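You will see two complexes here that share chain A, one where it goes with chain B and one where it goes with chain C.
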Partner chain A sequence: MDAVLSIDTLAAGLRLALPVALAALGALLCERSGVLNLGLEGLMLCGALAGYLVTDSTGSPWVGLFAGLVIGGLCGALLGGAVVYLAANQVVAGLAFSLIAVSATTYVYEGSYDIGQSPPRIERISMPPLVILTLVVLGIVVVLLRSTLSGLVLTATGESPVAVDALGYSVQRTRFFTTIGGSALAGLGGAVLVCGPLGLFIQNVTAGRGWVALALVVFAGWKPVPCVVGAFLFGVCDAAQLRIQGTDTGVPYEVFLALPYVVTLVAMVVRGRRSRTPATLGVAFHRSTA
Partner chain B sequence: MTMRSKNHRRWTSLLAAGALTISIAACGSDDETTDATEAPAATEAPAATEAPAATEAPAATEAPAATEAASGDAPKLAVVYSAEWQDGSWGEFAYDGANQLLADGAVSAVELQENVQPGADAQNAMRALAEDGFSPIIAHSFNYGDDVKLVASEFPETIFVYAGGFGDVAANVGDYSQPFFEAAYLEGILAAGAVDGDVAGAGGFDIPVCRAMKNAFLAGAQELDPDTTGTFVAVGDWYDVQLAKEAALGQADQGATRFIGCGQGPTFGQIEAANEIGGVSMGYVGDMSALGESVLASFTWNLGAVFQLMVDDVVAGKTEAQYYEVLLKDGGMDIVINPAWESKISPEAMTLFEEKLAAIQDGSFEVPFDAES
Partner chain C sequence: MSAVTVDPGTSGAGGSGVEVAAGGVDRRRLVSTIGVPAGAVLASLLVGAVLIALEGSNPLAVYAEVFRGVFVENRGLRNTAIGATPLVLMGCGLAIAYRSSLYTIGAEGQYVIGAVAATAWATAGGVRDLPSPLLIVGCLVIAAIAGSAWSCISAALNTRFGTNIVISSLLLTYVGIAIMQWAIRVGIRDPESFIPASRMIGDAALPIVPGLNTHLGFVIALIVVPVLSVVMSRTRFGYRADVLGHNPNALGANEVRESRVMFGVLGLVGALAGIAGYIQVAGVTQRINAEFSVGYGYTAILVALLGRMNLVGVLLAGLGLSGLTIGLDVAERTYDLPSSLTGLLQALIIIFVVLADAIAGRIELRRP
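Coming up: the complex of A and B.
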């Protein structure tokens, strides 16, 4: 049991948490402005593939991270254009994007290497710079939301778009650019996964981390610091359950596999009473009918 | 309702319909049907240098048997898989094995469908293949078990086989063995001759094939290092490399240095972890020597030989499937030692490895199958 309650477990939790935390911060921004970004899993995958391919061709994982950020933002522009300006159903558009992204990234990846060829491992970034990067992103999101006019407008757009519109701010432009920014962070999260702990890409490499990030936003009550703390908690639970399996407990392993989800569920139930969903989350804004 | 609102709804409907159409098209399986007369797959097969069997397959243009098979007498083989063929492992060897049979003229056509998800997708795909006259239809994943049994009951004249690995046979539903534990045992001997430390096994889930691999690997290591112990971790996913790597690092924290994975994701994760801590790892279904300096040995899987048994049953007119098994002694697998490690393995381990390999091949020794501990 000493192996479970150790610094190594916390370090492993941190490694597991970083990609999810960045994606969750991206989702949080989108949701605070009223856009339910269900394309998060697909955005992470696109960012991961971009990070991998660019690092492979340039030799610099930092350039790979930047590529993940940019591709995430570009995909966010596509998604944002659909759900904000065309008022597409946010659930359908987000899910469709994630489905397409799984296939598209597989297609591009397959086309990049011949069958029978071993895709190369890429240069990786060590954990300390990635931890600092995540904390910097967290700091920017906190300052943006708490201490800037833009952050206030962003939050108000999710709560009362009519009031924001009446004050002369553009609801659609705010949501569009927030979706781009949030999606860029999700892409960065995917790139961090590939350019940080892994150094490789395989089909569906994110393995559902985007969906976990979406749940974390609810768990965190749409607040950035609890969002990152929740990602760390989830990561530590995952790291702990893997280590507990290595000890002879006699408990079925399925119980341990469920541990992170049980902890998240309990935390959401406990925190649920105090959480406050953005009032117009998932609702398109039509100025003419507002 | 204003005109603009109507336009918005119209756009929304169009976008949703478009997105769904694209996603359905994109998510649909990538079909690849090849006739022996066309035989592009046969010429592609030798390109997969990882598959020794495939490299032996002659080009279709040089193979009279292939043109003979084009008369239509030979059965049509179909393989469906839940991920991409190009995975450097499990999928790729099925791709090579099927194309090898086509190149040999054992089948008149091959249909290869990748990214077919278990459930409704797999059932629809297999129904369509059965209606098109394909038999045997091979579902190349453990997760297809329920789908195969459902569809097979509708086509009693067609042989369906899935990768159960535990003898799950009934009527026209067959299963094929994955005797990887034999290779794992030999790899355990090599690992014990390369580094000191405990054994770490990991699989996507705790299934008999994976558990037996780890136990055989441990038994092999204990031939030279009786005090070594081992643990097994189920990652909970066949493709989550990060989780698998963390599982392996957790085992390393408890003293493991000799890693063996079951499944592509767990194996990739273990290789990465072993690279970091200076341990040794084993490649899984494919020569993974190029994936990291820690890869000591790998095993390749001659799926062409396994598929041939199924085709033989169809040719013989059988409608009852079997448990198809090709063991190491029958050429079912090959052990590939990473050239970079050959000089670092102790002579004692190499000698024992060669003795045990010879004993397995001549039938005087059987690796014990233990999927319990």
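Coming up: the complex of A and C.
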């Protein structure tokens, strides 16, 4: 058990926490503006694949990270267009996108490498720059939400779109660009997973991390800093789980396999009760129905 | 209802396609019920044709091979029916849940839990020797209860703590799969197997139906569709489930507890998923091994959406998607196409359904 709860585990936990933290920050932005982005898992997956393919072809994982960000943003524009301008059901559209992403990324991935040939491992970025990157993103999100007019409009759009509309700001445009930005962060998170801790892509590599990120936003009460703390908690459980599989503890290792998800669920339940949900989360805005 | 539960009454501005099965047939409604899914399937086959052409094959020849794989090839129809069975069973539950605006996506977990519970009971010492019909009925009941209980965790968390059902049901799926992995490695492992796998299901296996040539599970799915249709259109439960999706406040005003309807609907989803899991073991795989969870629970979401949350629609969508999978499987082997093409085509169908729905809703909104 000692080996499991060591500095190593904490470090590994931090590594695994970064992608989830970035995606959770992206989801938080979307939700603060009133858009429930259930496409998060799919966005991470697309970002992960883009990050992998671009890193493999350019040799630079930083370019890969950028590709993840861009692809996330592009997919976000698609999703945002559907849920904001076409007022598609946010739950259905997001869910559909996450389902699609699994097949689409598998298709592209299998098309990029011959079957049977083992895909190359890509160059990885060490942890310190990725931690700094995540902290910078966190800083930007905090400042944006707390101290800028745009941030205020964004939050107001989630709380009272009618008021925002009356003041002459466009609810639709705010939500659309927030969805793009939030989705870009989710894509970046996926790319960080592949270019950071893993160094390779496999089918459905994100394994539910997008859903975990969504749960963390609830756990964090829609506040950025607790979001990142929650992600760290998940990361440590995830790392402990990977470590325990190799050791003999008497407890079946499947318990630890389920642990990150159980912890996330419990965290969401415990904290979710007291948290303050954006008032119009998941509700499309249209002047005639407002 | 707190936390991120989406307010069902106002979401989607009518673009979600969640419609109560009304008595009269409106022509416009007919277009959106049949036109949208048919158009979506056609559009994705067209895009699929482009992709196939890019892979260097003739799309027409590939689609002809798909058709041949289903309708001409020996066992094509039979495999289609067998593949559709879990999709239809789970799709029915999900369709009802989505009509109630309860967006559960955890059917895969309930499917696995149902299969494990039924297999555990049917392979236990003492039980194993019971007569076959008793075993089958017992398994169906146990699978339904287990799946239902698993699904109701989401309902309980939502009622008690306002936890989002979408997220909790999905997180529970990962827990369910971990339970399955433990069960086949330790709990109900076949001592004679080298790799983790449960014992053979033995006498609890489903018989082949003469004439149809499929296992009994397909017949069960065929019976479930009309039974649930009647339940939804003729009973208090069905009415309340639909009302929950449209105006939950109306339930409260009539002193019907929202949470009770929620437990009913999510319990039903879980029961059907659990039964689907048992049927898959007893009709197809004969035992549970590490490859048991192949994602029928997720494809069933697509089936529910494509079937327009209508139970007959679900049956057609389930058969259609299963046929597409079987046929493409044959065509992929003949023409050496990537195996992920099936998933991609399904994904395209769902994109087009969601988009067409949204656009239809937008047009509706413009109309004075």
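Basically, the second predicted complex is superposed on the first by the 277 of 290 C-alpha atoms of A that agree within 3 Å, B and C clash if a C-alpha of one lies under 4 Å from a C-alpha of the other, contacts with A are read in each partner's own complex, and residues count from 1 in each chain.
Operating definition for what follows: a residue touches a chain if its C-beta (ideal position, glycine included) is under 8 Å from a C-beta of that chain, and two chains touch if they have at least 3 such contacts.
Remember, it's a predicted structure, so these values are computed and weren't measured experimentally.
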(message) For the combined arrangement obtained by superposing on chain A, do chain B and chain C clash, or do they fit?
(response) clash
(message) For A:L257 in the superposed arrangement: first (chain B), second (chain C), both or neither?
(response) both
(message) Between chain B and chain C, whom does A:V63 touch in the aligned arrangement: first, second, both, or neither?
(response) neither
(message) On the A-aligned overlay, A:L10 touches which partner chain: chain B = first, chain C = second, or both, or neither?
(response) neither
(message) According to the stated criteria, A:H286 is in contact with first (chain B), second (chain C), both, or neither; which is it?
(response) both
(message) Contacts for A:I100 in the overlay, against chain B (first) and chain C (second): which applies, first, second, both or neither?
(response) both
(message) In the overlaid three-chain picture, which partner chain does A:L198 touch, first (chain B) or second (chain C), both, or neither?
(response) first
(request) May I ask you to decide whether A:Y113 touches chain B, chain C, both, or neither, giving the answer as first, second, both or neither? (result) first
(request) Pick one for A:N89: touches chain B only (first), chain C only (second), both, or neither. (result) both
(request) For chain B, sort through 146-154, 218-226, 272-280 or 308-316 and name the stretch that clashes with chain C after the overlay. (result) 146-154
(request) Please identify the positions on chain A that touch both chain B and chain C, taking each partner from its own complex. (result) 82, 86-89, 92-93, 96, 99-100, 102-104, 106-107, 110, 115, 257, 284, 286, 288-289
(message) For a test of understanding, state which residues of chain B touch chain A in their complex under the given definition.
(response) 2, 4-5, 8-9, 11-12, 15-16, 19-20, 22-23, 26-27, 44, 47-51, 83-88, 92, 95, 115, 206, 231-237, 239-243, 245-247, 249-251, 253-254, 264-265, 268, 272, 288, 290-292
(message) Looking at the complex, which residues from chain A come into contact with chain B?
(response) 3, 6, 8-9, 12, 15-16, 82, 86-89, 92-93, 96-97, 99-100, 102-104, 106-107, 110, 113-116, 118-119, 121, 193, 197-200, 202-205, 207, 238-239, 242-243, 245-247, 253, 257, 284, 286, 288-289
(request) State the interface residues of chain A toward chain C in the complex, per the touch definition above. (result) 31, 36, 38, 82, 86-93, 95-96, 99-100, 102-104, 106-107, 110-111, 115, 208, 211-212, 214-215, 218, 252, 254-255, 257-258, 261-262, 264-265, 268-269, 272-273, 275, 277, 281-284, 286, 288-289
(request) Quick one: which bits of chain C touch chain A in the complex? Just the residue numbers, please. (result) 2-4, 6-7, 10-13, 15-18, 98, 103, 105, 157, 161-164, 166-168, 170-172, 174-175, 178-179, 181-182, 185-186, 298, 301-302, 305, 338-341, 343-344, 346-348, 350-351, 353-355, 357-359, 361-362, 365
